[in-house]
Structure formats: C-alpha cells, structure tokens
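Should a chain be cited, it is by its letter among A, B, C, D, E and F, assigned in written order, with residues numbered from 1 in that chain.
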Amino acid sequence: MTLRPMKRVEIVVDTLHLSRAIDRLRQAGCDGYTVLPNVAGYGDRGDQHADEVSGVSTNAYILIAAPADQAEAVLDAIRPMLQSYGGICLVSDCYWLEH
Amino acid sequence: MTLRPMKRVEIVVDTLHLSRAIDRLRQAGCDGYTVLPNVAGYGDRGDQHADEVSGVSTNAYILIAAPADQAEAVLDAIRPMLQSYGGICLVSDCYWLEH
Amino acid sequence: MTLRPMKRVEIVVDTLHLSRAIDRLRQAGCDGYTVLPNVAGYGDRGDQHADEVSGVSTNAYILIAAPADQAEAVLDAIRPMLQSYGGICLVSDCYWLEH
Amino acid sequence: MDPTVLTQNLLSPPILFFALGMLATWVRSDLMIPPAAAKALSIYLLLAIGFHGGAELHRSGLDGTVVLVLGVAALASAILPVLGYFVLRSRLGPADAAGIAACYGSVSAVTFITAISFLDRAEIAYSGYMIAAMALMESPAIITAIILVRIAHRDTGTATRNGSTWRTMIHEAMANGAILLLLGSLLIGYLSGEQGWETMKPLVKDPFQAILCLFLLDMGIVAARRIVDLRRFGAFLIAFSLVAPPVQAALGIIVAAMLGLSPGDALLLAVLFGSASYIAVPAALRLVLPKANPSLYVPMSLGLTFPLNITIGIPLYFAMIDWWWTP
Amino acid sequence: MDPTVLTQNLLSPPILFFALGMLATWVRSDLMIPPAAAKALSIYLLLAIGFHGGAELHRSGLDGTVVLVLGVAALASAILPVLGYFVLRSRLGPADAAGIAACYGSVSAVTFITAISFLDRAEIAYSGYMIAAMALMESPAIITAIILVRIAHRDTGTATRNGSTWRTMIHEAMANGAILLLLGSLLIGYLSGEQGWETMKPLVKDPFQAILCLFLLDMGIVAARRIVDLRRFGAFLIAFSLVAPPVQAALGIIVAAMLGLSPGDALLLAVLFGSASYIAVPAALRLVLPKANPSLYVPMSLGLTFPLNITIGIPLYFAMIDWWWTP
Amino acid sequence: MDPTVLTQNLLSPPILFFALGMLATWVRSDLMIPPAAAKALSIYLLLAIGFHGGAELHRSGLDGTVVLVLGVAALASAILPVLGYFVLRSRLGPADAAGIAACYGSVSAVTFITAISFLDRAEIAYSGYMIAAMALMESPAIITAIILVRIAHRDTGTATRNGSTWRTMIHEAMANGAILLLLGSLLIGYLSGEQGWETMKPLVKDPFQAILCLFLLDMGIVAARRIVDLRRFGAFLIAFSLVAPPVQAALGIIVAAMLGLSPGDALLLAVLFGSASYIAVPAALRLVLPKANPSLYVPMSLGLTFPLNITIGIPLYFAMIDWWWTP
C-alpha cells in the first residue's frame, strides 16, 4: 500500500463563479477535483444563506488533491478571483492512496 | 503569496441543532464558517439516514478555518453540545491563502 | 479538553457504489463516518456531472475519523474498489475532540 | 366488521404505494425519493389539508362545539402520555418512557391525512376544525413528558436540561414549521373564502390523493428502513407499538360519542388519539429531553404504529364507529 | 382608490402565503422550502407565464404596437437607472449607486407574475407580448450601470473589470437561464398553437395561482431573512426602496397611457417600471461590478421593494390606472 | 412519409422544450433543473405510465397475445446485443463492444414515454401491457453482454468480476428502482381499478404531457453536455449511434407485424427495439462490467440516439407502420 504525499486544497467561492473557477483550475493543470455546488456559509461578505434561486447567496466548495507544484499553480490561478469576488482557500497536507 | 497557518475545525451535529451550534460559534468569536445542512452518517447513536423531513435523522457539517486561539474558543463553545446531543468535532492544521 | 490524535480518511466513489463501500467500511471495523451522497467532480474517468438520475455520473463523498489501525483497515478495504471502479482516497492527520 | 372496508383500504392506491415503498427497501432496491422532494411533498400535504379545512370552516361557520372539541383534543394530548408513561415505566427508565409516551400522546399528521383520504374516497363528510384539533394535539404531550421526567428526578434534576427548557419548549411548539404551516393555511383558507378556494382547488384538492400516494411511497421506503432497528427490541416495546394505538383509538371513539361527533369526525378523533408522532415530537424531544433514546421512539412510531394505523387501523376504527353510530 | 381592491389583494391567497412565510422567519420557525424545490417552482413559473404568453400571442397575432411597446420597454430599462443613479450618488459611491440603480431599472419576474395573477383573479385581459417586454427589460439596466461607473472612474478605470467585461456581460444577458427559459417558453407557446395549449393547460394554467402561493410562501421566508440586514441601513436607502417603486410605476403608467395600452397591459408596464430585480441583476452585478456591495442592493429590492409592490403597490397602481382609463 | 407527421412532432411542446434545453447548454446558459427535482420528475413519469398501463389492463383484461408479446420482447432484448456486439467488435475490445451492445439491446424509458405522448397527441390507442414489455426488456441485454465478454475471455476470465457477478446482476435487475416502480405502479393501477383511476387521474393523466415537457427540458440540458464528449469519437461510433436505432426499430416493426399488433403497439415495440438505455444499463454495467468505458456508451445513447429517436425516429417509425398497416 503506497501513500503518496500531496497537498489538499479547499476553495469556497460563490456558486455564480463556480464555472469560472473550474475553468481556471483546469488551465492551471489541475487534473482532479470534487465539487459541492450548494453550500451555505458566513464570512467577510456576510451570510450566504443558500436559500434562493439566483446563486448570489450560495457558495460552492471545491476539494483538490494535487502534488505540491500543481497545488501552487492552483493557488496562483484562484487568488485573483478571491481578491475580486471574495471566498476562501485553505491548504493542508494529505496522503493519496495509490491504487 | 502568503500562507497563514490556521486551525481547521470540522463539526458534525444534528441538523436540528444547527442553528444553536451557529449561535454558539458566533458568540465564541468565530468570524467565518461553511455549512452543509444535510449530510448522512453513522456513529455512536446509530444511522443518520438523512432521508426524512424532521431533521431528527439528518446531520449538518460545519467547516471553520480559524487562528489557534479562536479555534480553541470554538471547541469550548461546541463541546457541551456534543456532550448533550452527540456529534463530533475534528481539528487539524491548514494554511489560509491571504488575498 | 482532550484532543486525541486520529487519522482522517476521505473517500470519493461513484454514488452507485456507495452502499457497497459502506458495507466494506463496516466490515473493516469502522464505527463512524459522514456521507455526502451527491457531489460532482472530475478525475481520470472524466466529468462526473451530478446532473442525472442514474447515479452513473454522480459521486459520493465519505469522511471517516479513525484511530491509525482502524484507518489502515479502512484503506485495505477500500482499495480494491478504487482499483475496479475508480475514485480516490486521501489520508491526513487530525485531532478528535473528546466529549 | 365488514371485511370489504378492510380490503378496499388495503387495495387503495395510497396503501399499495406505501407497500411498494416497503418492498423496495426489503429487496434492497435503489428506489428513493430525493429528501428535498419528500420535504416539498410534505409541505404540500400540510398546506393542502390546512387550506381545505379553512375553506370548509368558512362554509360551515364556527359553532359552539368547535371550542369544546378543540379543548378536549388538547387535553387528551396532555393526559394520554400519563397512561403510556406508567405502562412503559415497568420496563424502561423515566426518560425513555416519557419520550415514547410523548410520541403516542401526540399525533401523526400523515396518518391523519391518510384518514382524510379514506373519508374522501368513501365520500364521508368531516369538519374543517378537526385540522385545528390536530395542530393543537402536537405539543401538550411534550410538556407532560417533561413534567413526568421532572417528577421522577425530583431529587437529582439532571435528566432534563434546566433553565432554558421551558423557553425552548414553548418556542419549539410555537415555531414548529409543520404546525405553523398547518394553522397558517387553515387561517388563509378561512380568510380567502370561496374565491380563494376556486383558485387553490386545482392544486390542493384535485391531485391531493395522488400526491399522497407519492408521499406514502417515500414513507414506505423510510418506514421499512426503521423496522430494521426493531430487531434489537424486546417483545414488550413491539407489543406496546401494536396495542397502544387501538386502545387509544378506542378511547378516542368513546370521547367522540360523548361529544356527539359525526362518524367522519369520530374517525379523525380516533386517529388523532391512536397515532404516534415521528416528526414534530422527536424533533422537540431531541432538544428538551436528549436523554431519551431516539432509536427507541422513532422506530416504534414510524416502523410499527404508522403502518399498522394506515393499513388496518383506519378501517378497523371506522368499522367500530359504523357499528356504534348506526342506530 | 377603491379600498376593496386593496383589501381583496391583501386577503388573496398569494399575499397571505407570502405573509405566512415572513411570519415563519420572524418567530424563528424551522419552516423552509428546500432550495431545490424553490428552484423547481421558479422554473415552473417562468415556463408557465412564458408559454401562456406565447399561446396568447398565437391567438391575438402580432400587431404594429408590439414592436413599439417592446422598444419602449427596453429603452426604459436603459434610462431608469440614470435617474436612480443621480439620486443615489448624493449619499453613495459610484459602484454602489450604479448597482442599486441597475436593480431598480430592471424588473422582478415574481412581482410581474404576481401582477398577472392579480389580473387573472380580476378577470382583466393582458397581452402575451408583455412577457417579452419583461424579458427585454432585464438586461439594459446593467449596461447603463456599467457605463455610469465607467464615466465616474474615467481617470482610474479600476471600478469595473476591464477587457472581458463587455463580452462577459453580453454573454450573461444572453445566457441568463431565467430569460432564456422565459423567451424559449414564449416561442414554444407561440409555435405549438392551440393543440399545444390544450396539452400544457393542466399544468401551466389550472394550478398556476396555487403554485405561485407555494413559491410566495418561500419568498416570504427568504425576504424576511433579508430584512434583518436592513437594520444597518440609514433612512435614505430605506426611503429610496419605498419611494422609487411608486414613482417609477407612475412613470410607467404615463408611458402606458401615451402608448394607448389596455388597463391590464398598463398595470404590467407599471409593475415592470416599479419593480426591482433581485435575481438576474444581482447575479450579473457580482460578475461585472463586483465592487458594488450586494448586501445593499439585495435587501433593498428583496426585503422592501418586493413586499411593498406585491401587497400595496399592485392594487395602488391598478387604482391609478382605473381612475385614469375610466372615461 | 407524410411530412406533416414529422413537422407536427418537431413542433410539439415536448420536442421543443428538449431543443430549448440543448440550446441552453450550447449558449453556456446557467439554466438547470436541480437534480433532486429531475429525479422527482422521473419518478413521477415512471409511476404515471405504470399506473396508466395497469388501469388500461384492468379495463381490457389480459388476453392470449399478452404472454406472447412479453416473451418476444424479453427474448429480443437478449438477442439484439449479439448483433450489435459483432458489428462493434470490428473496432472495439470485447468489454466496450459488449457494454454498448447491452445499452442498445435494452430500452430507454424516456424515449418510450415520449412515444406514448406522441400516441396520446395523435389519439392512437396502445395496450397497457406494452409497459410491462418495456420493464422486461431492461435486463436481458445485460446478461447477454456478460456472456459475450465471458466467451471472449474464456481463457483469462479477467474482464468481468467473477463469483459474485451473477448474484449481483440478478439482484440489480430485480432491485433496480426504475423497474420496481414501473412494475409496482402497473400492478397497483391494475389492482385499484376504476375507482383508483379516478383518484389518480388528476395527477397521472391530466398534466402528464406537460410534466414530460419539463423533464425533457432537463434531458436536453443533460444530453447536450454529453454530446461534447463525442468530439473524441471516430466516425464509426457516431455512425453506429445513428444507424442502429432505425435498423433495430425496423426489426421491431417486422416482429410487430408478425405478432399482429395494433399500430400504436407496433410503434411502441419499434421504439423499444430502437432505443438505447442510458440509465438502468449504464448503472448495472458499472457494477458488473467495470472494464467497459462509460464515456463511450453514455454519450452514444444519451447524446445521439436519444435525441435522434425522439425528434425524427418516432415519426419515421410511425410513418413506416402507417404505410405497412394501411390496407
């Protein structure tokens, strides 16, 4: 059983910006991610109630496991979006189970 | 690109208790969180099927990134709820991408 | 306040295979997990759109906090499924808040 | 009892779809109604019977017996748990006994709705205010349960969470979404009168029975999942789940006779007495009586009592009423 | 103004369910419509009015005034934000002023649908092409808002995201799901003619009012949540939210009179002028004018203007029209 | 072929809404039906045709040909994949060839439902048992596919997961939610008779066509997304997706003629032969034939064959039948 060290990147952005965020991830060479399109939350821009139909008040959550260099490219790609539109990005360590 | 070390706190409680849990988080000074209001699970209290309309059998998942001291306040605030009602709380390390 | 070190295992499989994956987890001695049955994603097998009714194109996400030895049993149990059907499994460190 | 009443009920679409749902769980099928859709269906059903009841009230007007019936219903919900509690205390601790007793003292909205659909199919009239009676019977049982536990723990006082309990409980009772929707729809149906009824009828009346079928399909799936939990139960709790409903329903029928209700209203009162809550009360109990084990009271009321009531109970109670009321 | 029009509107099921939703939030009830169900209801409503409008168009045929009305509507949506902008600039920065002005220059589909249900209840005719007018009024306001901000920042040019802005904006306007569905359904209703109408009527017409009630129940819950955000607002923005709608609606009535529209169409035009977007425009603004603060424009249009319009606004505007049009 | 049949089909609301959904994806619109709502719609459709078929059966009674037709249908689903497999093996490995062949041997419930709505609009009768035929045609194709792969790998035996395969497969076939719901609703419709039909009609019949439109809107969005995946395909697979359906449908028509079916039933049989599964079979294949690549068979059946069948296929097959059956 091999466990390869990887970075674990978590991103929360408005659901409205999800498709743009994903375009950026792919351009940055990210070759795998998991998406939860409708989550609620609270942050600098107040409540995201996740209760209505426009997506203005709903977040999307993205989880990415990537090697360190790819993770760095992901961070570079996503940072300008966070600056313009808000949202968060967390990085942590993990191991990927090779199969 | 600055990565600030933070604590990453994950909480799972009954959906029924979600609004109370969030009240407690805010009182504890938590200024950001992400919420998934309907998740299923299994634990000491058996199956949470997430299949019915009362919320008795449905969990909510909360993700919080916070500086160490704020994280500690969060743990203190949430522990009594876990003792009364069940649920779990995990803590790990992460980096917050400054933007 | 006691924080017990644990392993944090995350698994993404097709929603189709969720019930089988959970059977395997239980057989491996896993006594707690949290499940998100409908998430989208992208990986080696292309897009999982999470947009239709068969579950062929939808992922499930499983989060498990477990002591190291139980976590290892979980990895052993889940690996054959990933080999046959695809999906991912990540392992990281966390602390469990005793309550 | 005329056996065709039972057969007709068992062969009616709502019950058959409920059975199909149970079958789906038993053969481990992947059939499922998305929780969001099930929730939407339940909102529809509450809104529809509330509005319908309000429109009926608008037509019939309020008369003297209404207040009486409502008062008796609320009182019954407060008293019934006492009986259940003392039976259950023979085997269980105070918290569990009180929790189960609260469920059986309260009511099951879906059982009530299924009884209404039974009456609709049989073209038997019932009064709009019975829906208000149902709403009033949801909460008193919880209050009684709390008092019973308090008395049992007079010395220690640890079983229920002190201080905020009463405030929480009153808030829960008032703010319970199901009750608010039911009473709100009743009031709206009453206020918006005949023109409002014409507006709403194509949604709240015409497809009502059929939408109930869809919901019962889901209930069958869910109830069958809870039955699995019963294997850990002793005979005592299983017997309680099956015996308490007809006994309580019989009490309801006696009360209905004393109040001089019509056969339709008598059936609804019997069902209110005989049914057990698996939504509102469990949700409240988790907050105000967390020591009571939900994996006892939910499987009992949802896995046994609910199926029993909608399949055999309703026609049985109706047969009793029919026999008694017929001169 | 005939007070019974107002009373009748306030006692109509849609408005009462909206009020029930607000009440549910105020008493902190757990009543909620799952977001997926609310989205499905909104899709239903857009599809239904689009299809209905198309079928009406098929019946009436297109005449000369149609193009005129559509042109005027689009123009109005482009001009109205200029007025709003200059009023708002007295207290706010350019981005926020433009953002709010864009919302008020655009339209609220649900307000429009509620006005249609008002006309349906009163059995007053309206033209199918008014639905096309609504679709055309969604976007121009955003373009005006961008231009206004650009002018304000002529020197710095940092307020809006350069380069891709126009492309993004045009794409957003074209590809906005709500508009596409509305115009698509209109076209389908037109193309599929009388036989298509017969097919769709049991879904898009018969239960329309009742489904609107369900949706407004949800809107009440959501709107009441947004009202909480208003406590941080000064009197100026609250006043704007309450005064702009009737002023703009009055403009709409004047234009309608000049165009010689029927009373029903005049009401719809008044509502288009007087309502403020809280779906399409906020979504577009987040993309093309991210500096504008959504926690200003969303609570204003959703928390104040929307409730005002559907409760008092619609009957008020109608009373004005009735008084003016009656010879 | 009478071109108006084709035009009328293309201009019918279901097909136009399907086209609108495709357009929405192509212009990158954000229009989407929440998955939970789409799932609820699909459950409605299966329940509705099942129940309707059962009620029809109740009316017509069972006659001798029923068993014959059901047997032939099941047999066809077992045999058709063999033809497909040998054509596909010329370019593909055994697992992929068998996977695709299984999809084309099985049926598409939504295509079938669209054909029923075509017949309803044209007021052409069909038999309730054809719905049972559809349910029986879902699974045999998978079993054939497994056998074909087993034969191809006689020596290695690695392509399919041994041992538990048959058990899993039989369980999947029995426990498939869609089939269970379809057959269950058929039986319930049959058992609950005329009174049950009256109860269910306002939901399962009146708005059926319109709800199908909503579902096809979603199918259009989803199908267009899958078409993107086809750009990596060679001409061979695209040709297969477009040629296999009419060829197989023609076989179906020949069989229908031999069995002496009515024109309505003949069309349904043609559609059963000519359509390809993108729900039940892909789900089963992922379990029992994981080596077959789902990004081949899903885009083929969902992105090409499905749109082809509902737009051109159904009127074409009907024209063939009309020409043949007319004396």
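Rule of thumb we're sticking to: a contact is a pair of C-beta atoms (placed from the backbone, for glycine too) under 8 Å apart; a residue touches a chain by one contact, two chains touch by 3 or more.
All values reported here derive from a predicted model rather than from experimental measurement.
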item: Shortest walk length in steps over touching chains, chain A through to chain D; value: 2
item: Pair exhibiting more inter-chain C-beta contacts, A-C or A-E; value: A-C
item: Rounded Å distance, chain C centre to chain E centre (Cα mean); value: 45
item: Distance between the centres, which are taken as Cα means, of chain C and chain B, whole angstrom; value: 19
item: Chain centre separation (chain A, chain F; CA means) in Å; value: 38
item: Centroid distance [mean C-alpha coordinates] between chain F and chain E, Å; value: 41
item: For chain C, residues that touch 2 or more chains besides their own; value: 36, 50, 55, 92-93
item: Shared interface positions of chain E, touching two or more other chains; value: 28, 30, 32, 34-37, 39-40
item: In the complex, chain E residues that touch chain F; value: 34-37, 39-40, 43-44, 47, 51, 171, 174-178, 180-181, 184-185, 187-188, 191-192, 195-196, 199-204
item: Interface residues, chain E side, partner chain A - complex; value: 32, 35, 38-39, 42, 161, 221-222, 225, 229, 278-280, 282-283, 286-287, 290, 294-295, 298
item: Footprint of chain F on chain D - complex, ascending; value: 11-13, 16-17, 20, 23-24, 27-37, 40, 121, 206-207, 209-211, 213-214, 217
item: Residues on chain B engaged by chain A in the complex (per definition of touch); value: 1, 3, 6, 8, 22, 31-37, 63, 65, 92-97, 99
item: Contact set on chain C toward chain A in their complex; value: 10, 12, 36, 39-44, 50, 59, 61, 75-76, 78-79, 82-83, 88-93
